[in-house]
Amino acid sequence: MPTIEEQMPATGQPLAETRRATVPALEARLGEPIPVLDSGFIRVVDYMGDDAAIVQAARVSYGAGTKTARDDAGLIRYLMRHWHSTPFEMCELKLHVKLPVFVARQWIRHRTANVNEYSARYSILDREFYIPAPEHLAAQSRVNNQGRGETLAGEEAARVLAWLRDDSTRAYDHYEAMLSQDGQQGLARELARMNLPASIYTQWYWKVDLHNLFHFLRLRADAHAQYEIRAYADALCTVVQDWVPAAWSAFEDYRLNAVTFSGQGMEALRRMLKGETVTREDVGMSAGEWREFEAVWK
Amino acid sequence: MPTIEEQMPATGQPLAETRRATVPALEARLGEPIPVLDSGFIRVVDYMGDDAAIVQAARVSYGAGTKTARDDAGLIRYLMRHWHSTPFEMCELKLHVKLPVFVARQWIRHRTANVNEYSARYSILDREFYIPAPEHLAAQSRVNNQGRGETLAGEEAARVLAWLRDDSTRAYDHYEAMLSQDGQQGLARELARMNLPASIYTQWYWKVDLHNLFHFLRLRADAHAQYEIRAYADALCTVVQDWVPAAWSAFEDYRLNAVTFSGQGMEALRRMLKGETVTREDVGMSAGEWREFEAVWK
Amino acid sequence: MPTIEEQMPATGQPLAETRRATVPALEARLGEPIPVLDSGFIRVVDYMGDDAAIVQAARVSYGAGTKTARDDAGLIRYLMRHWHSTPFEMCELKLHVKLPVFVARQWIRHRTANVNEYSARYSILDREFYIPAPEHLAAQSRVNNQGRGETLAGEEAARVLAWLRDDSTRAYDHYEAMLSQDGQQGLARELARMNLPASIYTQWYWKVDLHNLFHFLRLRADAHAQYEIRAYADALCTVVQDWVPAAWSAFEDYRLNAVTFSGQGMEALRRMLKGETVTREDVGMSAGEWREFEAVWK
Amino acid sequence: MPTIEEQMPATGQPLAETRRATVPALEARLGEPIPVLDSGFIRVVDYMGDDAAIVQAARVSYGAGTKTARDDAGLIRYLMRHWHSTPFEMCELKLHVKLPVFVARQWIRHRTANVNEYSARYSILDREFYIPAPEHLAAQSRVNNQGRGETLAGEEAARVLAWLRDDSTRAYDHYEAMLSQDGQQGLARELARMNLPASIYTQWYWKVDLHNLFHFLRLRADAHAQYEIRAYADALCTVVQDWVPAAWSAFEDYRLNAVTFSGQGMEALRRMLKGETVTREDVGMSAGEWREFEAVWK
């Protein structure tokens, strides 16, 4: 029986001539898997548009076409700075992604995208589970209940890894045994799958426009995102950089490296720039907001 | 520690006066869980609009306001028949749903809805797993690879149930053991959850407009849908019936009980009505389409 | 000053090599305007995917990959017949459209698409108005208030055409005069534009996936749609036919040429096939529904 | 014949008892038009949810339910600060809006909302046009091509107002004359409407969730938005303030009054806080970005 990957060929298009916008750096990546986590990957299946397509759309809607001086990168930076998002929607990316189910469950929350997932209702999943590398086997954070603390060590780490391995192995053994039609009826696939843990790998095609991809990256390539989805977001960042370098650069400056200050934060900043010493009470911030405000300067 | 349900109170709003459209039959249901599967439920948390709100919107967009004779139910039937969907979007329903993860994964594919799911990244899941009732423990269909065949019996059924129970129990035991901070660091919740199988129950708030709810019901209250999600769709049907009885009746007649014939199917029908005997070759149908065409008349 | 069209070049991409899915019949159309109405057009700016991309996505989600016999066109027909819409979302089309504002207002109601419209806030609109050809100058229907009746003739037609021409000419003259900065300040563009009638032409880029494009065509290439938007939908149909011929053929058979019968309609059909004579009272149809039911057989 | 407003009654619901979340301050506003521009208005038709509904959803998804100390307003501020948008989607607002067509054309670009507009295809528009008050009759900005400059004065203002009045009056006279079936056939409504200018008033029901409403307000209650749509956004702000005061306050602090600095801006800020004098070349900003950076401190 073919594995899922054999059923999802992303490569193999013959070389053809086109008059569509073409990006050589992304052509070189087409169909090439970029490894993520222990057994996952992303690979680019198709794309539409380039930096120039963003500019083309923007000149129409924002009238910049009447000026000649403004160069394309500058216009793209202007769009990004002013949240003019529609021109970025004129570019589209299609990926083939292999990812653990618990990552897929976070990923799918981004609704403005097109998805075709491998169906465990109709087909049989492969025996592949995400087992964290030792350096990613992290303890629950003691500070807040939303993140990771230090790396597990010694016997505890060994115990956790053994459970993750043994439980997924046993679950898959039973999955196969329940499906088997050898001397028995064989349980329906759509039922048998429910014995499989969230660490199992699934696969899908995911198609998204650049604006919504940036939104995804802003949330998922962020330090607050779970490491496992961040690993996919980080790999995606290298793809976007090759695809639309000017838009990527603007995204880095105005989103990834940008900082937003609240009304209270601006009040504090204004006073600090005058040389005043400001406390959180002076500007009416909560303890949490003040902690985040101070963290910016470290 | 509070269970998930204790953290998700849907009831408890005091009685208040309102000038909003109000539906007594749905008021009576507010906060009342309707049991689904072995441990799941749906309950109505809030709603906006009623049959009259659909009519109000329709009269504006389809000019029916200039006629006086047409009664509301007739107008709603007209809208449904002619795919005028926007007036149905003027009604909104908010539910609290408890459902197995593998059902949640199908459900979430309906993108035009608002969702807040219980987070296993930040919180701890309860020890509750879906175990099919004996009559729903079905074999894989021999006819097609998309459905269920006969019910499993005897030793095979017992074996399957034992595995589903044992594997989920063991997975949860280890989940708890990995989380424990008793004499060890305790694995991060966002990692420990990946040991849990897709049969575990999760919960969410789900808010959707009536048009998209009908679309959901059309696909999920259908005989081709997996039994487990159909059980939720069926429960939802009773809610919609209480909420917007005229729209529900139109939906039943023009969607649930409706049949669509292709160009070829219409050609066959026209000939049959003239008394001719028609074969699939006469009208150029595939074997599959012909099988479906014939099934309509049984 | 450049006209809008000079600011919206859709052609001019140099020939390049690609490994993306490529459709020669659509390549030949890239950048070529297809005339619509008196001064409008659509032209294809870019596209992603082909019939094979639909199949590729479908094999993953619907497990058809495990069968070898089913050919691609048959699978596409199966998807269309069973409302499996996600594989069609894997194809994307980008158009440049020139259209009257009152058509644009209908068109934009299709929300699941990306749009960059020429901005009359930042730029100056061209002096181009839609004036119906004599054969499209239709009277209000006497039968219902939603359509057109016979063509206007004689003096009435001449009077209408004269008003449409004179009023738009005068409005544009004043638009220019208000904008002028010759010896006066010159009204803001964003205000001056409000003097222009809905017959003026605007332009936009419109990008949509194939599933939503089919939905658009189903509603707008329909006899109930206003003639002017139907003219655009008809032109689009020829594009889709060249782009994804198998999907187009399935769409024709299962949507455009398909007929849906309600529960009551099916009851009537079943009886008629047995040779019975059926009245609308027998099956509980309204007068309107019965009229539509009878119209099917003419 | 009834006017559009008589066909769109938003009031008149009898007082009823409900167990849904109820906001007395918004109940008092139900059905009451808030005047906007010369003849427009917004009025609240219905709503779902309140501040507590946001908190209820958030506690589920962000695990805050396990803490007791954090008060509701603090949690809402935390959500807003960290772009956790889904809990805000749990609230929904339905409005009846009367607005000029050129404003409607901007408004409709916000796609994630439900709309039923008065149909000029099926019905007849009222004779009402937006004529700017003298203080809003602004010249084109000399600085950029995206905004307004000084107010027009004297003869130029008088001339503009006369044209706006005369052209719309004449266009409507001809609209009526073309529609008339008195001694002639009467042009189809769907055609006659194209003679009407973009200053004419239309009406619609608009339903949106709070997250998307905030997005709308952020863009349209902004100084860069056209005055006419800003007038509606400003009126909406007073509604939101009454409806969900805690969410509104967070929105004010973290969106309306917030400032975002790019990577380069942060570099400049860090140096300035150390007492350095920074030029735009030092941090690699464009002239435009530097201008905007400096404007923040004025």
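We just call them A, B, C and D in the order they show up, numbering each chain from 1.
By our rule, contacts are C-beta pairs under 8 Å (C-beta built on N, C-alpha and C of every residue); 3 or more make two chains touch, one makes a residue touch a chain.
Bear in mind that the values here come from a model prediction, so they are computed numbers and not experimental data.
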Quick check: more C-beta contact pairs in B-C or B-D?
-> B-D
When centres are defined as mean Cα positions, the distance from subunit B to subunit D in whole Å is 34
Inter-centroid spacing, subunit C versus subunit B (mean Cα positions, whole Å) = 32
Residue numbers in subunit C touching two or more further chains are 62-63, 66, 86, 109, 115, 121-123, 145-146
What topology does the chain contact graph adopt: line, ring, star, complete, or other?
-> complete
Residues of subunit C that touch subunit B when the two form their complex = 62-63, 66-67, 74, 77-78, 81-83, 86, 109, 145-146, 219, 224, 252-254, 256-266, 269-270, 272-273, 286, 288-289, 292, 296-297
Complex contact set, residues of subunit D against subunit C = 100-102, 105, 108-109, 111-112, 115, 121-123, 130, 132, 137-141, 145-150, 152-153, 156, 159-160, 163-164, 167-168, 170-171, 174, 177-179, 181, 184-191, 193-199, 226
Enumerate the contact residues on subunit B facing subunit D in the complex.
-> 1-2, 7-9, 13-22, 27, 30-31, 46-49, 53, 56-63, 65-66, 86-87, 89-90, 92, 94, 114-119, 121-123, 203-205, 207, 209
